[in-house]
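For reference, chains read A, B, C and D in written order, and residue numbers begin at 1 within each chain.
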Amino acid sequence: MRPGPGALGRLNIVTAQPPTGLSRELIALRAARELERGSVVNLGIGLPTLVAGFVKPADDILFQAENGILGYSGISDSEFDSDLINAGGQPVDLVPGASFFDTADSFTMIRGGHIDAAILGGLQVSARGDLANWFVPARGGGSVGGAMDLAVGARKLIIAMAHVTRDGEPRIVEECDYPLTAERCVDVIITDLAVIDVRDGGLSLRETAPGISPEEVAEWTGAGLLIPDDVAEMSL
Amino acid sequence: MDVLVFESADSAVADVVDGSVVLVGGFVSAGTPSNLILALKRGGQTGLTAVANNIGLGDLLDELCEERQLAKVIATFAIRASGTRSSRFEAQYRAGEVELELAPQGTLIERLRAGGAGLGGVLTKTGLGTMMAEGKQVLELDGEDWLLERPLRGDVALLKAWRGDRQGNLQYRLAGLNFNPVMATAADLVIAEVEEIVEAGEIPPELVGTPGIYVHRLVQCDPVPVRWDG
Amino acid sequence: MRPGPGALGRLNIVTAQPPTGLSRELIALRAARELERGSVVNLGIGLPTLVAGFVKPADDILFQAENGILGYSGISDSEFDSDLINAGGQPVDLVPGASFFDTADSFTMIRGGHIDAAILGGLQVSARGDLANWFVPARGGGSVGGAMDLAVGARKLIIAMAHVTRDGEPRIVEECDYPLTAERCVDVIITDLAVIDVRDGGLSLRETAPGISPEEVAEWTGAGLLIPDDVAEMSL
Amino acid sequence: MDVLVFESADSAVADVVDGSVVLVGGFVSAGTPSNLILALKRGGQTGLTAVANNIGLGDLLDELCEERQLAKVIATFAIRASGTRSSRFEAQYRAGEVELELAPQGTLIERLRAGGAGLGGVLTKTGLGTMMAEGKQVLELDGEDWLLERPLRGDVALLKAWRGDRQGNLQYRLAGLNFNPVMATAADLVIAEVEEIVEAGEIPPELVGTPGIYVHRLVQCDPVPVRWDG
């Protein structure tokens, strides 16, 4: 799939290179800012894992890992303990008040709406907030982990991903052509180029990365994008 | 009733028959019955269906693919979205030599729980409108759609706990619980490897993660270091 | 309902008094003998509670209480601890290797077929093994507790009850007219007069209480009763 | 996030509104939130639906019948099969002044669990062919009948635990768990009475029976002695 024209049809040069936006770390930093004080948060494998490193104790965030931990502070530098890992297999440190539970109880938490926010990676997000993030058709098979349950159950779903693929194709599209994780589940998309809200079944630009114009974001977005008057530059 | 204590992981799994459905506890490195998996590899049983959270690069479960012991895998992590190296399982899957049924984690655990708890199924929203709903019944109740997920049981469950007592009570360590306590309820033959075997009563009643009545065989093994690579 | 003619139609004098059979304690003793060595057993409220007192350590029986205990030895003489009771609210003592769990896990055990035997009280048992034990129409409302789950889930269901009501009406009947607990669930009935197996959808007399004849049992049984040649007297 | 610690049981339940569905933890004397129930009595809220294991003679829940605060009860033990004395609830039930929905214990807990776990229902054999199946959907799957039981949730849950920490983590004592951990997941407002409030971290992670994220309010109370009479 090539980048199709966005809502404003600005993409004229299909051989253009996407602008250089935020690093993975800065995407994670911006995603961390999206978390409300005192909330319970699950971080997906990959980029979202980095978010834990950008949360301050004063933010009072409690991280949940679907393998059965509530209350880890981040990736551990201590000696590896095979029984103390997050869902990505990385060693973690605990905070006071942490607890352990089995997978059934973990998904009671997730599916039951007890997680305030989940930050997951994405392959594609559609204009109405459908998410595809578990199956690459060219590779087949897939790895879904807890993504489908998190997409359905988390009160707020934040997708942190690169705005376009390595081949320069938009990941934000009118309709996902990758198999879905869940329908109409995404609330916010945070990329190297922008912060976009999924609102009333459509996409609305909230912030741009430093040096990126709203028009550039629209250009590299494969779906209609509302650009309000008050689009801000991300403060990082 | 006292549990049967086996001298070795090999003897504990020796009579697992070809074609068995084997539930395998653990989540990546945590609570994974590494010694029992390796014993199954040495045992050479074939045509197995493995039910486990993950079969990725570096997973010991992938070792069972070396001699093509697995006919089918039901898992939540199987084929990575990116990366150049691939697991044995992945290669055999691409060659059409092993079947894969992927399941959302919360659905897999509920299916196993239903299998252990005498329930005929559960209704979930997870998977609605996705490939996971293919071939499954959707119920509309009070105007809402729900996906019906049916129970899943094993012939055998391989578990890992920290300590086990002579009645089979298991105590887990840290995040070592994961799939183990539910899988313990959902198989006809439950085999657990533990780091230490203690007398009944040494595990405080509040810390028993799996009551002994679920466990049939116990074997003491030193843990095998696991390093996951997805 | 008056005692109808049994299979052998022996009841001629409807004003007859039922014979004096076993005491409640001896019914409990006989029920205890029915338990296999090393089995996991749930005892219902009332008469079945007494069974725990007739089990020897060598029997290696593990008692489960649906409120969340596996491994109690019997009713406790110690000081009352409000958090250490069986499902009937009675204080219990623990055995080494006991465990606690919540109600969800307790009924995973019960409904999932992990309890070898349950001994429950009964109001009526039908010829094909239907059980009624939770609802007295004259009183209404009812108290079901874990009885329906135990009737469905226990591998072997033993009913311990008086053979007839205080008014001399049989409790073992062709069809229950009290609301059912579960259909075709009873394996063995132990009463003050007899031990009766429910087998292939019919009742078969196995033992009589000392001093009670098979004919007397049939007389006070409101359903067809097979009397094999080898009916034994209970050894108590 | 720190839990709200209330000074008294009365203040903790003061804003429970008339007509609320109130989940009440406990099993006879074990893990019963006696102080919160008595506070609700003093609070005088009416038109309540109580969901609890038991409302028998001697149960504190029966106290709520004194001033007719209960409109409906969903329970497993309610009306005894014999005995001459009767509870206030029983008298009001016979007079048609309060509604009773009786549920099998294993079904009641699964309905609550479904309510807390985002499940649309579970299939059970319990209750098939009995009064409990009346008005409920029966599904035939692979030739077997199953009864569909729908989720149950409360506006408020009243729980009892042994210790609570300032993040709301609860530790139960002995058989004090029973309905409490599941009810904690299935209500919009969760209030727990505990015998002792400790700092976060004082309850070992393995002994947290209800993670603090489920608990909104905590109050320290000395336990009220309970003697059950069925």
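Definition applied: contacts are C-beta pairs under 8 Å (C-beta built on N, C-alpha and C of every residue); 3 or more make two chains touch, one makes a residue touch a chain.
No experiment lies behind these values; they were computed from the predicted model shown.
Judged by contacting C-beta pairs, the busier of the interfaces C-D and B-C is C-D. A straight line joining the Cα centres of chain C and chain D is 29 Å long. Averaging C-alpha coordinates per chain places the centre of chain A 38 Å away from that of chain D.
If you average the Cα atoms of chain B and of chain D, the two centres end up 33 Å apart. For chain D, the set of residues touching two or more other chains reads 110, 113, 118-119, 124-125, 172, 174, 205-206. The residues of chain A that reach two or more other chains are 100-101, 107, 111, 152-153, listed in rising order. If touching chains are joined by edges, the resulting network of the protein chains shown has some other shape, matching none of path, cycle, star or complete graph.
Within the complex formed with chain D, the chain C residues making contact are 65-69, 81-85, 87-89, 100-104, 107, 110-111, 123, 134-136, 139-149, 152-153, 179-183. Listed in rising order, the residues of chain D touching chain A in the complex are 1, 113, 116-119, 165-167, 169, 185, 199-201, 203, 205-206, 208, 211-214. Within the complex formed with chain C, the chain D residues making contact are 27-32, 53, 56, 76-82, 90, 93-94, 100, 102-107, 109-110, 113, 124-132, 162, 172-182, 209, 223, 225-226, 228, 230. Against chain B, in their complex, chain D makes its touches with residues 110, 114, 118-125, 139, 141, 144, 146, 150, 172, 174, 205-207. Those residues of chain A lying in contact with chain D across their complex are 38-40, 60, 62, 70-71, 94, 96-101, 107-109, 111-114, 152-153.
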